[in-house]
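Each chain carries a letter (A, B and C) given by its place in the written order, and its residues are counted from 1.
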């Protein structure tokens, strides 16, 4: 009996070649490195945001958890990595571990409360969690530096070999390596039985309960995993910019991540990557051209996507692919 | 203690409204029982009490001696009590195969697996193939559920529920909404159900009930009016009055 | 004792402002099931227009406020008809995003026309003073806000309970399909309700300019607050919104007075606790 390839259709091969998508991504990233040698800081920020939005895709696009407070997990990772570097060790990979653990812990604890709620209440609670985190970071001045930010982070070379430089070359490749790893891990997870059950919960909680799934705990698990990845993104940001400010918990960060994800398209992993790239580039260019009116452009873009491209930009790709497939 | 599901003096009320009153019922392996009654009699409520969607106000529900009352819905599924929904509840934007894959993986406790692709377990895929064959859904295997005809969706829901390997199967109006031309698909599928399965069908479609059931229970206003063989029920004057209306001369 | 009175007066006034602004949001969410993150934008528009008319056209406070509220409603009409009508059918997430987009555009518009600085609404002399009640002096402004707030509640109560419009509105909130099947023109009902909510938000924004300072980023900064009133009070419930608004107003004020260092944390922690225990809010129907 022919096994229909369904599980991998959503987030797998490009043009039928496995890992083709990843290869394209790496090629583009490498090209960018050489084409824009003076914008490495900005490009690295894009890579870090991609990791953050990927974690949101897992939580929202796959499991259907609507959150406007994802920054709480990112910020926890950032502060954890920053504090780790200041007080324990400047080793970058250990710092990533600290960030992942902090993001996961914050997600687990807040998830216990969040997953009991639905709809608007989840949105509100997620916002509340992020605000509380921001306030605590603000008040804990002696530890976090408060509104001035956490400084004094000194990073050791990655793997003991690659020192962080001022131009940002090491930072760029480091972030790209982490991003690539995250993409590979998420591809596995979303295609796994765990990932399938997450999608099932998003489709129909009632049905999942009726097949014996402990929906609440499954959601807490997904959220915790998402938190770990968001924490890694935050940790990377702390390590590459050697500064952690209160902005890592900001509502606008959560909202922008959501916009980037919807722009690219949820539930496809590649949507997160493309949406982030386009949003940040448009923001960068628009802000440079006219810093006061870029909100018009972003607002217009969001409305255009929601009204005309509900599946996001990658939705067009999939539609084209299906049409092309039918034409054969 | 005889094997099977035993319901004793089950009561459920919402405030002052009594929806189930002193219901006693046995479902033994191999039983084919139907639950009929007028609208609002409390049939779906009873099904929900069995599966754990609702908790009883008083009374016992035991399965092979195990008290089910404190088990929430997902746990009851694990011990073998499963139900199909009156309104088709499937994973609409997933494929037919995925709809069958999930319950199997969940049943086997494999849904905590993170590393291997969900479709890479040969035994699971074989079981899916078997179910597809049983329910004549092979050619729809890769299609999205939304695209299926309603009758086929009902069949899929039955297949999905069977994939849970239940011991007690409650079918909540399996023929509801299915066009008359397709209802034979449902009755044939029910006829092919495993012989050691205990099946309770809640239905309005009398043709289906009389085809499939070996014992019929009549529920009125939350209480059992009578239970008997199809012939007995068909001849029972009270049941006739119920459905056709009594003449008051 | 006087501290308690201060907290009470400030808190209730603050709560009234929150109520006036959030009530439109609550009814919109309960009726049209739309999560409208841009609702605070109506308060912004009302306040911004009032500021502009007072500063540039030299209109007195009452005239400027009145015109501004009318103008806000006038803006809400095409917005509802053109944009929101389509948003009603969207999924939750799409609604959140679409209304975030609308919020951004509102902010950018105000920014473009009036800049990003504070848009002050100077109160007329009569309101800027304090009144001597014998045992205490209280700011007239706060008292006015409380009085207007009560008037709004009373007016809404009468509207809902005593008019045909009110009955139709309550029916539609309860069961939209059934109401439409009964011949209630839900489209027009939505439009009127939406614009009413916008007008009330404008009123709240103008009166509350001292408590919630107005600048271009107003809708984003206070969006969380308005959503909290709706979430805590329960969607579609006017009584719920009222009690939630007053409660949150008092809680926030009390936090600021009593535990200023941890006010925000305490506030959000309380809200979280409440929502964790009662996810549908105080009087929610969902």
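General observations
We take it that contacts are C-beta pairs under 8 Å (C-beta built on N, C-alpha and C of every residue); 3 or more make two chains touch, one makes a residue touch a chain.
Every value quoted in this text rests on a predicted model; they were computed, and no experiment measured them.
Think of each touching pair as a link: the shortest run of links from subunit B to subunit C has 2 of them. Legend note: the chain whose CA centroid lies nearest the centroid of all displayed protein CA atoms is A.
For the pair subunit B and subunit C, the distance between C-alpha centroids works out to 49 Å. Taking each chain's centre as the average of its CA atoms, subunit A and subunit B sit 42 Å apart. Taking each chain's centre as the mean of its C-alpha atoms, subunit A lies 33 Å from subunit C.
In the complex of the two chains, the subunit C residues touching subunit A come out as 29, 35, 86, 90, 92-94, 96-98, 100-105, 107-109, 111-112, 116, 220, 224, 227-228, 230-231, 235, 261-262, 264-265, 268-269, 271-272, 275-276, 279-281, 286. Contacts from subunit B toward subunit A in the complex involve residues 51, 73-75, 77-78, 82-83, 85, 89-95, 97-98, 101-103, 105-107, 110-119, 125, 129, 138, 141-142, 160-161, 164. Here subunit A touches subunit B in the complex through residues 1, 3-8, 188-189, 191-197, 199-200, 203-204, 206-215, 218, going by the rule given at the top. Residues 60, 66, 68, 113, 116-121, 123-125, 127-129, 131-132, 135-136, 139, 251-252, 255, 258-259, 262, 292-293, 295-296, 298-303, 305-307, 310 of subunit A touch subunit C in their complex.
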